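In what follows, structures are represented as structure tokens.
Across the two complexes that follow, chain A remains constant while its partner is chain B and subsequently chain C.
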Partner chain A sequence: MLDEEIYRKLFVEESRENHETIVNSLLALEHGEDAAAIDEIFRSAHTLKGMSASMGFDDMERLCHSMEDVFQLVRNGQRTVTPALTDLLLRCTDVIEVMLDEIEGGGDPSSETAEILIKSLKAFSDKGTDEAAFDALPDGGGADAEPAMIPVAMEDPDADASPVYTLRITLDPACGMKDVRALVILQNLEELGSIRATTPSRDLIEDGMFGESFSLRIASDAGEEALKTVASGADVTAVEVSLYEQEAAAADADPRPDLEFEDIQAPQKPGKSEKAREIKNIRVDIHRLDQMMNLVEDLVINRGRLEQIARKHGIKEFDEALSMVGRSVSDLQNLMMGIRMIPLERIFNRLPRVVRDVANYDGKEVEFIVDGGDTELDRSMMDGLNDPLLHIIRNAVNHGIEPPDVREANGKPRKGLLKLVARRDKDNVIIEIEDDGSGIDPEKLRHSAVEKGLMTAEAARTAQKEELIGLLFQPGFSTAEKITDISGRGVGLDVVKRAIESLKGTIRVDSTLGKGTTFELVLPPTMAIVDVMMVHINDRRCAIPVSNVVEVATGRQDAIHHIGSTETILLRDSLLPMHRLEDMFGASSKGSDTLVVLQNDGKKCCIVVDSVEGQQEVVVKPLSRLVGSCRGISGVTIPGDGDVVPVLDVNTMV
Partner chain B sequence: MGRILIVDDTMFMRTLLKNILFSGGHDIVGEAGDGAEAIAKYQELKPDLVTMDVVMPKVNGIEALKAIKGADPSARVIMCTAVGQEQMVKLAIKSGAKGYIVKPFQAPKVLEEVKSVLST
Partner chain C sequence: MATTIDVVEFQLGKEHYALDIQLAREIVEMMPITPLPRAPAYIAGIINLRGEITNILNLNSLLGLHDGETAENQKIIVLVPEAAGGSNVGIIVDDVSSVRQVAEDEIDAMDDAASSAAYVKGIIKLGAEDEGDGRDTDRTDLIIWLDVQRLLQEQVATT
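Up next, the complex of A and B:
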């Protein structure tokens, strides 16, 4: 039972890799002949077939087998890859994916669609094949009347004086690949002597064109026993040996062939085998890694707590020991983060297929370039990144890139270019999605903004491009004139923005009308442990991610101005919006003049705090689902003393 | 009982085969994920027998077999194959492979073939 589970896991994991290879290679093939891609598909289909057969997933095995057959023909140059074939094969991969999902859930997949696809693949394989089926060929061992021995070509006329034996070898009817088995036996026998003749002919034997048995004549000094031993083995049910030339019978000496020595010469070397069994890599269930990460987080929290106790009591020895523990915890934490990092490829690999499907559906031509797939990100962020990325990519093809005719008319190449580039930049991972499509029209945005009541006509007229583009992220705001089947229905960029923000990332759009649009996602490589500044507001503590803090300043009363309903403050010659966060923490009675200047995405603001406590590394936990999302708060943290402290979401403030 | 090197590009198949061979009392001295690795491991470990997958990335099973046989003519190599691979396997046998096993593997058959090849 346990073994079964382990196999299933390995099976699903490796099958998914192969499945992905097939999909991506198929897409590569669409861009032109690519021998490497054909080989890859063939190899992956073959591997999938072998694995599914071993697990007893018959439908999947047969489907993969049919795919393999088709690609064998393609590989031999007997068929070419047509768009229709690519579609068919992609449909096959879809079915395989569904099957894998089912298998992962513990089921045994069977699919009627698979049956249809297998038939279609077969039809494709057979179409135009005029090679006769082999079934009609003669069956060598059928009749009792022994057919004449067929001499083997190139037989040495001056045959040596070795005795000649006749062997009749019968194979197990259940033998897999009896042609290969026969070949193995012939090859092995040839090491003991020279084969003079066979029934049926050697070519037919090697093609498996015999019944259950075949016969041969061999000249050998090895002796009857040795011949029998060599001819027996797996799949062989009977070997009859008889001396063919009576006059050679006397030569039956030294029946032990030198093969015997090989066994003696292969001594066991235990030392070496132990070394070879050293395991370099192991696979670990992701849930265990998550558990481990939780423990590390607890450790970080408790280290903070110990530090506070140490400060309170000021015991020198304790401090020293604690700083050692602290260092180990930091190392452990870094190591753990490293282990959890996985390359973005994991989600990038699915995207070429998406681009293809959307482009085909829309009748667009798109060249999709992916770069930087080896950039690493924490596993926990991968899941959250998948959907937003998918949405942006679909959008780019759907709304960004123009139909080929329109592009041509505008003096652009018919094929649109879509680039997905990831890179690591200091503390962040940056993902850019760039298209060379029509770009976003600010006029349309202005019009839409007024129509939807998001801006007054006056404000819309004077609004800067950045401000207008920012509207795209407002709920319910979409410039697309019609909703298509493919780009999400009713799901707008506001959802994308929220998803990215929940990953502590930011999203920015830049667009030039007629030239294209670029989305830039900036993400922290991991989000679990954050350096924060602890502040007090109205006697409550609050944590601000240090990456968002510009400075702590003192604001003079006379520098505060009211613009409309918002307070602003003139600080170092720039006017910053000033928030008191009274709605979150209640009005403070202290009348503090301490300001913390925050920035996010190049924009700044400041908040009024009573006092600044210090800086510390904390584990940020997301808000419980019961609480739901709470604007202004990105999560909570528990610093050493066990207090629960909200972490400010600076994104929503600037 | 022999010291065996398993060559296959999937961990799934390697594990399967490893368990079968282990149950037959054999010693798995190493595993390789492609042909190139197989050639290197063979030199290093000098196993009694190699189970060699045919279709693998980079260096395939046939090329690896040829390289191994070229360096050590007494090498015992069993090809791991599946229906549809007959021509490739024949090529392998002609290149010096001593036997073959067919996927999906059946433990008794695998062990029988291994035993018979080891006894040569």
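Up next, the complex of A and C:
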């Protein structure tokens, strides 16, 4: 696996550990000189420095470097640890934590505060006095300085010319729900104008994390009095309104330094958010999750078994208890599924890079748009989806989108458009890869098909476009004129198709010559638990996924026609191929007229079954590697009665 | 006294076979086996062994023997998962006779190519202590000590 995202995660995780070590050791130092603690800090700061350097977070690296310098002096006994120094160092760790938060959120931290702190640290290591350390700190560094404003809105402060006021609102200390109060006040004020900034940050205000008062900056035409009226209300003891100078507002337009400032001034805030983080997320080994999933699957199976026993005996109390258990099991199952779902972003995120590389290699210009990365899919499907997706994307850039000159000549914008869209549709996840390139030329396919012996010249001439496009998924079929090392080795789409099919998904291609090509992947969000219809075929049981079943019908013998060697049946005016699946389930002993109409990928067919048993939710277990792949069988399942039943794979059945 | 080896002795057709006891997890009575459509011939089918799907192999076809008449006492020897690369596997045998302790000097090692192809680890010639239970004394009883692990590795998991 790539990629930066994961490194970033690892980096954040490890850095947090190092950061915690430093903080704890610093606190230990406060209780007295401790060589081990100093060593510990030194080591952690050093690691942090190295890691942030290799990740390219320069500010963080320099800050850690300065910290390391100070510790070096302390370690050598040239400086002693004073409360002031500990304060300064703790403030550094706070900044580091804020930076880590930012990195985790995907940003690149830069901080002016870091600069200031670096200077203080430098001063300390140069002069060796506490006062020196704080000389360099501006007023903002003082312990009781007013926290700076935190802009809340991203809009340009100069966007509207309304006068800006600063409001300082003090709530009654006895007030019960100050978060709600504050929220109401903020909302009321918003009706009068746009709130530019709040102190502390709006999130904190809405969580009630402020003292007795908070301030905000608002741009409004309503005037001082109106603002004051709106702001005051129950539990508000004082409202101070003053006009805020525009110049100052403009100077504050860059939120970054302020944000940093607020954070170092409020050491209690990182502490709190850290606690929340620890409770919110735990890391679980994926194997344990799989084990849990297995247990849940067993539960589902055994619930089915219990239900069957219950039906036999018909004890009312038992039924009631069982339905309670059943509900819990369903909830557990859904929860478990949810936990295993991860957003598609995980594999989408590496694709822009691939597009860029391939486009650069081919001298093409491509705009890549990704949408719906938050669509979730079972973890187990992610790995299987990665390669096919990569392949289709590469193909699209490599073969689909034309070189810029050709595009211009054809009256298209120089830059090709490649869209990757994922969405949830009922029970399926649909992923579309759409390019506005040259499209697939049916004539070329026709030619290629005959040349490669996949079709007779006769058949090729009459073949429909859909049929020809289907050829793309045949092994060894590639129409690329030149073979590159990026795609087009002739082992392409057939592998993609097989990979998608192994995920129980389908792939469809739609292409218009000169306009572009769309690949559509339809995938079930999870493979583990499916609704199936239990049928008997030639005295053997078989499960068919309900999503493939259209209807159960009765076929009259005289409606069966033989077209060539295939049997077909006329059912409600549509002619369906009929399969007896004798090679799968043994020869039929008695004629049956029950038909199950199946559909797959828009194509319908029907199979003859002895009888239909009913519908059931089952856990499909994949076939063991020992068996290899059996065409037509996607797995096996154990329904409630403890029997083992193969699950029909309509995709590859015939 | 030479070291001894514990083996499970079973019958397949008219021959007696043995496999290392460490490979056997349990022996279960014959139960209905669900055939798997379009599976390779050596897969007899699958069973549900206490909630675990277990693949049942046809040892006859793996060893290239003909299926004889179905014996009355057929049993399934379920192997430990390690024997088949982590999969749950059982083999059908005609009968399981006993667990036997075999001294090393009772085993004729076979290292020619023919035995290697037949997955034979050695031939156990029954010693004098077996004379008591009514067997011939001229050592006609041979037990074929199968290398089941290698058999599975080479015949099955290679797909």
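Some points to look at:
Basically, the second predicted complex is superposed on the first by the 371 of 654 C-alpha atoms of A that agree within 3 Å, B and C clash if a C-alpha of one lies under 4 Å from a C-alpha of the other, contacts with A are read in each partner's own complex, and residues count from 1 in each chain.
Operating definition for what follows: a residue touches a chain if its C-beta (ideal position, glycine included) is under 8 Å from a C-beta of that chain, and two chains touch if they have at least 3 such contacts.
Everything numeric in this text was worked out from a predicted model, so none of it was measured.
When the two complexes are overlaid on their common chain A, residue A:46 makes contact with chain B while staying clear of chain C.
After superposition on the shared chain, chain A has more residues touched by B, the comparison being chain B against chain C. In the superposed pair of complexes, A:98 makes contact with neither chain B nor chain C.
Of the two partner chains placed by the overlay, only chain C lies in contact with A:627; chain B stays clear of it.
Contacts of A:645 after superposition: chain C is touched, whereas chain B is not reached. Looking at the shared chain after the overlay, A:188 reaches chain B, while chain C stays out of its contact range. Residue contacts after overlaying the shared chain place A:559 against neither chain B nor chain C.
In the superposition on chain A, contact is made by A:585 with chain C only, not with chain B. Contacts of A:73 after superposition: neither chain B nor chain C is touched. Overlap of the chain B and chain C contact sets on chain A: empty, with no shared residue.
Residue ranges of chain A in contact with chain B, taken from their complex: 3, 6-7, 10-11, 14-15, 18, 40, 42-43, 46-47, 49-51, 53-54, 56, 65, 68-69, 72, 176-177, 179-181, 183-184, 187-188, 206, 208, 229-230, 232-235, 259, 262-263, 266, 268-269, 272-273, 276-277, 283.
Note for the complex: chain C touches chain A at residues 34-40, 43, 45-48, 51, 53, 55, 57, 84-85, 87-89, 152, 156-157, 159. Chain B meets chain A in the complex at residues 2-3, 9-13, 15-16, 19, 27-30, 41, 44-46, 48, 55-57, 74, 81-86, 89-90, 93-94, 97-100, 102-105, 109, 112-113, 116-120.
Chain A contributes residues 298, 301-302, 540-541, 581, 583-585, 621, 623-628, 630-633, 636, 638, 642-646 to its touches with chain C in the complex.
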